[in-house]
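By written order: A, B and C. Residues from 1 in each chain.
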Amino acid sequence: MDQIILQILNGLDKGSAYALIALGLTLIFGTLGVVNFAHGALFMLGAFCAVTLNRILSLSHTVIDETKKDFLGNPLKVEVPYVQGWFGESTGQAIIDWSVPLAILFTIPVMIAIGVIMERGLIKHFYKRPHADQILVTFGLAIVLQEIVKYYFGANQIPMNAPQAFFGSFDFGAMIGMEPGAIIYPYWRIIYFCFAAVLVGGVLAFLQFTTFGMVVRAGMADRETVGLLGINIDRRFTIMFGIAAAVAGLAGVMYTPINPPNYHMGMDFLVISFVVVVVGGMGSLPGAILAGLLLGILESFASMRQIIELLPGINQVVIYLAAIVILLTRPRGLMGRKGVMED
Amino acid sequence: MGILDVKDVGKRFGGLQALGDVNLSVQENTCHAIIGPNGAGKSTLLNCLIGKLIPDTGSVMFDGQSVLGRNPYEINQMGISRVFQTPEIFGDLSVLENMMIPIFAKRDGSFKLDAVSGFLSHRDVMEQAEEMLVDMNMADKRHMHAASMSRGDKRRLEIGMCLSQTPRLLLLDEPTAGMARADTNNTIDLLKQIKEERDITIAIIEHDMHVVFSLADRITVLAQGTPLVEDTPENIKGNPKVKEAYLGETQ
Amino acid sequence: MLGLNKKDTSLLVAVALLVALAPIILNPFPEGSALAQFNAGYPDLMQRFVIFGIFAVGFNILFGLTGYLSFGHAAFLGAGSYAGVWMLKLLTINVIPAILISTVVAGLFSILIGYISLRRSGIYFSILTLAFAQMSFALAASVLTPITGGETGLQTALDDPRILDGANTTGNIPAPSLFGMEMSDSLQVNVAGWLWTFNVGYYLAGVILLIAFYVAIRIFRSPFGLMLRAIKSNQQRLTYTGLNTRPYMLACFVISGMYAGLAGGLMVAMDPLAGAERMQWTASGEVVLMTILGGIGTLIGPVLGAGLIKYFENIFSKINSNLLHEWFAFLPDGLEDFVVAIIYPFIGKGWHLTLGLMFMAVIIFLPGGLVELGQKIARKMSGKSDDKQTKSTE
């Protein structure tokens, strides 16, 4: 029992990352009808927004201090960040310490801007081209984006820390009345899950309860008619693209303490996220979220030692296996709508 | 017994009875039109005939064999060719290549792995295709990119492709829908000519009365999923029930 | 000739000449000159040109003719490679059985994957092939280690059984050979400062490329090829014309997979080593890039694309900032640094960036790839506007 709960929890944080990327992919596909292979790159860009902010905040003037070391482990003339000079040492340190959560504020405008530029500059011209062309051009864009990041940030992973307050784990088992120590779960992961839940809830509520969202949903269902009503649906779709980019970016920001960002993380996640979207059903928002969580949990169950002993290698392939089975038995995915990309 | 016998065919979509107890029989070498107001179930009926939909009840027999549950390509191989509402051709290929495909299908069956022989070793197919293009009055367009032709020409090509298979039954689904008057008249003339020159059975689903009355030998009027009357065009013209069915729609 | 029309025959002859003379053509700069590092006429790279050419030609038979975009084609290349190495280990160091078995194994593997993936089309097909390839990659790198050598890869060893050759336990590991001629054997000719290397392995691969290319032409011009193009154009019309698309697609997928396996077999014939990364989806992505860059649906395009990308990967990527500074040394200091700083991200280690940009530019402006570019230039040069009716597929 405790094993099961632990695996579900373990699956949730990865699953929520999948779900967030898949949500953005689905938004873009549902609104614009575009298959965006560069969405993983947006996730990666978000993560590097966090890295950038951290670097900006850590901009320092040099003071020699042999007791400290930088992240490469070399003893350095350690530098005192300007923020410490401006806000005092403790506040300054707290600001740097909290750079990942702070990056949320920084990332939202940056990612929306990137998304809007991408849509206006490139994607717009591909609405009427075949899906294969959309896949290919965004695939090319993903390569370009990841090479740019590689040029500026290098090819190595860049470790990022969660605020110190969230270091360590808490005893989830004891909380729900099981024996202490049975289920230990790191704080940051539960925060990631909650963050994802809030974000998903926010996007869905936005689509559900605002006029803007209503128009967008109407446009998803029937673009032409909405256009005929004299509503400028294109501008709204552009904004939706920005929002989808921001969601992917935020997913990336918050994921940095769990998985140190590197330039190819986007592609790694994208492949799985596409599987998630297809499993959930192309164009279905709840499907994307559900499939993301389910596949995350499935993956963590398959990584249990008992299961690996039984079926060696299953943890590596379980997501793909699930995708294949689902696609063959339910062609539209778990919650796909009729008539969406059926050919 | 006709060449195509539809017996007690019924089809429901959820709570909607799209077709109920449709019976009709298409006689060999006639042109049989199925007409009816919008939503009368014409398209549903057609889709049941060509294997796209499977009716809930009843049977569809073509030349003594059931077509139900068969794939579209099998039904075609039985001898039914279909012309679509919007012309369905191979837009990326040349007109001549378009015309060769159905002839290959007729000659070689539904699949043949013939990956090494060039077209030149299939003179018979080439010649038949060229002949059909001449018949269709499009020989001069043989190397044209099919997608770049006018809608009327596409329709002509599609009909030619179907005829090149010498089908026993030609199914036409609103062949003049969305066409300009001139194109419509051309298409009617073409179909008339086909009817006169070839031994062929035609079943046509149509909305446009002008088309129907210039072609059909017999007409079935469909209303709300069931056949209202079946008769000759002359009798249909004066039938009050038919008028009512159509007037009911316009109100 | 050979059942081809005049145009196709001249294309085949042109490719044959290029393959035969590549060691000379690709070495335009004299040995020892400053530009000699841009010479591509060395065996290792030339082998890669033709092998990836075969891979891309095969991929194009699937994607170019039917429009089905497989994102998992590298799985067949990998499967072929493993099969080939096993043949070299178990049967004989002669490469012919290895190449044959690679093709056959990849064919069988693609029947399995194709049968399942082809139940869907469009993006679903792409995702299914991607999923299968990633699965193969993950399995090859982990559970299947006894067969695949895991992450270190599979290679020949001194004490392999080699039933036909007889095992030897002394001396060096035998190198793959063709009836006694080792793949790495070369004849070097030095003519007035130019160094030309004529390599056995390269010419073997080159001959096989020509055969593969010839078969591809025949497929393009056959009724089968016509049906495949018809599938791309209008699948619905094809089924209502009495043709069963399923076996056509499967046959096409398997042929394409066998090309990939053939390429994999040739790879291990040149260098008897197979690793799981050969199956990774980035490898599948690479063949997509090659085909599109060269010219999708054209015969010669994929070969050109493969050559271009491999040239970039091996030559362009070697340019470093010192060299750039040398080139632009004639500029005033400040300007020199500026120009180098601008160009540097796009070359050397950053060549992927250039590749990505080029790829995007091709998709946006030149959907026909390099071949279309060539046709446009040729048309400009000859000064006449070609009529649209002869949209050919060379």
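Going forward, contacts are C-beta pairs under 8 Å (C-beta built on N, C-alpha and C of every residue); 3 or more make two chains touch, one makes a residue touch a chain.
Quick caveat: nothing in here was measured; it's all calculated off a predicted structure.
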Category of the chain touch graph - line, ring, star, complete, other: line
Chain at the geometric heart of the assembly (C-alpha centres): C
Computed distance of Cα centres, chain B from chain A, in Å: 51
Inter-centroid spacing, chain C versus chain B (mean Cα positions, whole Å): 46
Distance between the centres, which are taken as Cα means, of chain C and chain A, whole angstrom: 34
Residues of chain C that touch chain B when the two form their complex: 3-5, 215, 218-219, 221-227, 229-230, 232-234, 236-245, 247-248, 251, 255, 388-391
Interfacial residue positions of chain C with respect to chain A in the complex: 67, 69, 116, 119-124, 126-128, 130-132, 134-135, 138-139, 141-144, 235, 281-282, 285, 288, 292, 345, 350, 352-353, 355-357, 359-360, 363-364, 367
Residues on chain B engaged by chain C in the complex (per definition of touch): 50, 71-73, 76-77, 81-82, 84, 88-94, 97, 100-102, 104-106, 108-122, 125, 143-145, 148, 161, 165
Interface residues, chain A side, partner chain C - complex: 35, 122, 125, 130-133, 135-137, 139-144, 147-148, 150-151, 267, 271, 274-275, 278, 282, 312-313, 316-317, 320-321, 323-324, 327-328, 331, 341, 343
